[in-house]
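Right after this note come the structures.
Look for chain A in each of the two complexes below; its partner is chain B in the first and chain C in the second.
The block that comes next holds the complex of A and B.
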């Protein structure tokens, strides 16, 4: 059981880092991003390819971060006038574009076959305790990203981003370049997803395009939605909530005495969907009513 | 505004600390019970990780039923080492990410010695490193050749013919029909890559020409342009390497556009649902199905356990997987992944006394004799990689809404 909890902590920490990235973009600056999985995938693929070529883990993470950040900047640059729903549609489409490129361009990551045997950092040193070591490493990354975000939230930049969220034209009218801040925020948030992607690839040692579908974006979106807009600790707890929901429902069947495996599997997905909808509904009203 | 910001932040913080701790508490309670279940008695925990939902859903349900029924039979025969097998069931949702988490639960919470029935190639590849790291045996029904590179690290076995063999089987069907021109449509998934390259090699060696090869993506809603393009080259037949939803879409789009092409598809893409959904568009469809040992006692038991009239190739495989694992545990005298891994090849044959079930094989193993399991899906002799070295296929055709067998392709080798 302890080993399982370690695995869940690792998954949760990875998704929490992705969520913190989205919290910066959406929670702070009001940039709706439904394509966070694209940057997650970019980080995972970059780090995986480099790690397989013998690059040390820290450098692979850094590279994954940079590639994701550049992609984030690109998205922000091509969407300077889009807000709210329209930005959501473009980012959703962008994520699908990235996935289809990874699927069809076999030169990048073997297309549908994916990349396997991704080296794990310091694997020889820990052997049996490796999962625990990796969980610590991931949680450490989460703490670093969290502290960075907290610092940013309290800094003048954080205040400015929230001002952009509330009213762009006011910010523009006092002589600030809204576009420059949007690009910066988008690439910072994307970079965080890139870091998480690099950890994800090293943790699973296998990645394939089918792992990077819109559902990942939706999970992190829910995590951010649970939090009050802009709250970093809320986002981390939101990620914990989503994780508990995904994993906890798996244990339900050990207690249901009736129904076939198929029925229980379907019930589990229904329960997950209903809870997610209720959470979104409750929180959305909160956010809109302010 | 700053004031408002901090206030709403605080409220939510309090509320969500409460929410999250409640959630964590629920998970902790949920997590405790299975421990007591697995620790309280001397049962051998075995995991079944199958696609109950998602693209593999139509097959996973029968695969699970077959395993359950085989476990009941094995336990009735006394069970391996005189202990009962306890089956833990998980839905992999035909999704690698969900499958990895479910596999971790099976291995780390339920302490299973083997994980049976991973169906999609992506799922098998994602779960393999998890099983290997914990020295747990993974039994798969996936065909992708890429899995062979993963099998170098041991613990991964497949009862499904490798895609290499599928590609050769398609070429053999073409040869017997005298077909010279092939158009190929392939779903962009791992098995298509190797199936197509092996089909192409064998087909061209026998004087055939591939007039076109196009790939398409999962969840595509229309196949008009792909289908029309494939028909343009005037092929003798169109080979589709895909799953049920897309094969259905292509058949319908050919029908809607008035094309009279002959389609050749893998058996795992056709269930009764396809025939119902495609209707007249499915008439004349040719299937190459992974073989089963028709007429064998083991396969008859699978059919009676499932109580239907379909061709249960995957269910037959999972039936064999649990029998083989039970026999390997008996041979190893230990219910561990490492023990199963050491003895699985030996009990699969080809040398030794032929047995068709755990009940037949276990007494022989206890006497120190060698056995050769020949099951519901075929002879199953694992090679050095953990793949079946030889496979049988069945060619069938859809006539009047029924799948009618045409002929058998026996002994297709690597």
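The block that comes next holds the complex of A and C.
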């Protein structure tokens, strides 16, 4: 039971970091990103490959972050004018592209069999309590990312990003490059997914392309959507909700007298879909009335 | 100052045979005009004459199909909008574009440029003396501008909650905050009650007194008469005539354009 709780905390913290990245992009600056999983995967693979080559964990995390940030900047730059509708399609497609490359280019990460035996930081030191130590490490990373996002939200930069979200032509009309701020923000949000990916790889010690499907982007999207727009604490709570729903229901199924595991898994997806629809409906009504 | 300079004031903006087509509609059709530095020029014309499109083209929000735009002697056509604005050419919008979820004060505080607090290093150093001092200075100036336009009591309100007239004031305030050299004001008094129109006229005079050249699109002829020393009439995307407000009022072609051609 305790092991299970520690696992949930770790997963939640990782999801929360990915979600905070999306909240920065979407919640603050209004940049839609339906492919956050691509940057998560980029961070995971970069860190995994480097860790196996003997790179210390902090450097592997840093590298995962940088690669994800660069990919984020690339996606932002190839999207025409970074318009919302284009961005939705490009990010969705890009994530699929990344997954397919990882699946088919065997030189990068062994294709479908993935990368295994990824070294864990300070494993010898905490052998027995390792999961607990790693949970603390991940939560620490979450706190750092959370504090950064909160700081950004309260800083003049946060104000400008909200201005871009509200009406980018106003921001252009006063002489500020909307494109530059958008690329920077998108890249930052991707970097956060990259950090989370590096932790994910080290936590599981095994990664494969099948772990990085579009559904991850959707889970993260739900976490951000159920929070009040731009709220970091809301996003973290959203991630808690999503990860408890995803991982927690695995645990409950032993206690539920009806339904098979597959059926319960399907119910999870249904709940997620219904939440997504309800939130979008509520938001849409607000937009129409406003 | 030489005698020549006295007779012929410097041109701050020159537009040469500007054209823009939207599908089947020729919105601007070979429009040429000059704006004298330090003037207040009215741009009038019937609905659909292409006035707003001309503003949109000059300010870089749209690219012209043909034509040249010179600001202070330098070509600016083809430059993106933010680059044009950086040169000191700032437009306002016909429909106020308040940043709804920001406070009235924040609507102005995001204007000054560059801001250290808008950089990533500035985010890291939030709370440092440099960022705090910068914010204090910006806030002070924003409050001054709000006082000028009479919105200082609304500073902490959400911009979305302002009345229509107050949003018009905020639009002018943002322009003041930019400290431009040339301001393009797109119908600053449209849809505003008569008493507020007087306030807006005063504010435009204040803006002008601060050394800003102004071009104003305006339907209210009374406002045009009170503010403008020069008026340019657009019709079907080209300049029909120009002159002093008195000359324009007497011009029969202008009357015909507004009332429709008489058979």
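Basically, the second predicted complex is superposed on the first by the 248 of 290 C-alpha atoms of A that agree within 3 Å, B and C clash if a C-alpha of one lies under 4 Å from a C-alpha of the other, contacts with A are read in each partner's own complex, and residues count from 1 in each chain.
The definition used in the following text is that a residue touches a chain if its C-beta (ideal position, glycine included) is under 8 Å from a C-beta of that chain, and two chains touch if they have at least 3 such contacts.
Note that the coordinates shown come from a computational prediction; the quantities given were computed from them, not determined experimentally.
Participant: For A:113, decide between first (touching chain B), second (touching chain C), both and neither.
Facilitator: first
Participant: Could you say whether A:147 touches chain B, chain C, both of them, or neither, answering first, second, both or neither?
Facilitator: Once the two structures are laid over each other on A, A:147 reaches no partner at all.
Participant: May I ask you to decide whether A:166 touches chain B, chain C, both, or neither, giving the answer as first, second, both or neither?
Facilitator: both
Participant: Quick check for you: in the superposed arrangement, does A:281 touch first (chain B), second (chain C), both or neither?
Facilitator: In the superposition, A:281 touches no partner, neither chain B nor chain C.
Participant: Between chain B and chain C, which one contacts more residues of chain A in the superposed model?
Facilitator: Of the two chains, more chain A residues are contacted by B.
Participant: Once the structures are superposed on A, label A:205 by its partner contacts, choosing first (chain B), second (chain C), both or neither.
Facilitator: The first partner, chain B, only.
Participant: Touching A:100 in the superposition: chain B (first), chain C (second), both, neither?
Facilitator: Touch partner of A:100: chain B, not chain C.
Participant: Both chain B and chain C touch chain A; at which residues?
Facilitator: Residues 159, 162, 166, 290, which sit in both footprints.
Participant: If we count contacts the way the header does, which residues on chain C are in touch with chain A in the complex?
Facilitator: Within the complex, chain C contacts chain A at residues 59, 61, 80-83, 85-86, 90-93, 97, 99-102, 106-107, 109-111, 113, 115, 117-120, 122-124, 126, 131, 134-135, 160, 174, 177-178.
Participant: Could you please specify the touching residues of chain A with respect to chain B in the complex?
Facilitator: Residues 1-5, 7-8, 11, 100, 103-104, 111-114, 116-117, 130, 159, 162, 166, 204-206, 208, 210-211, 216, 226-231, 233-234, 237-238, 240-241, 244-248, 250-255, 260-262, 265-266, 268-269, 286, 290 of chain A touch chain B in their complex.
Participant: Along chain A, where are the residues that touch chain C in the complex?
Facilitator: Touching chain C: residues 148, 151-152, 154-157, 159-160, 162-163, 165-167, 169-178, 181, 184, 188, 290 of chain A.
Participant: Quick one: which bits of chain B touch chain A in the complex? Just the residue numbers, please.
Facilitator: On the chain B side, the touching residues are 1-2, 4-5, 8-9, 11-13, 16-17, 19-20, 23-24, 26-27, 30-35, 37, 52-53, 57, 60-61, 64, 89-91, 93, 95-97, 100-102, 104-105, 107-109, 122, 125-126, 128-129, 133, 144, 146, 149-150, 188-190, 192-193, 215, 217-218.
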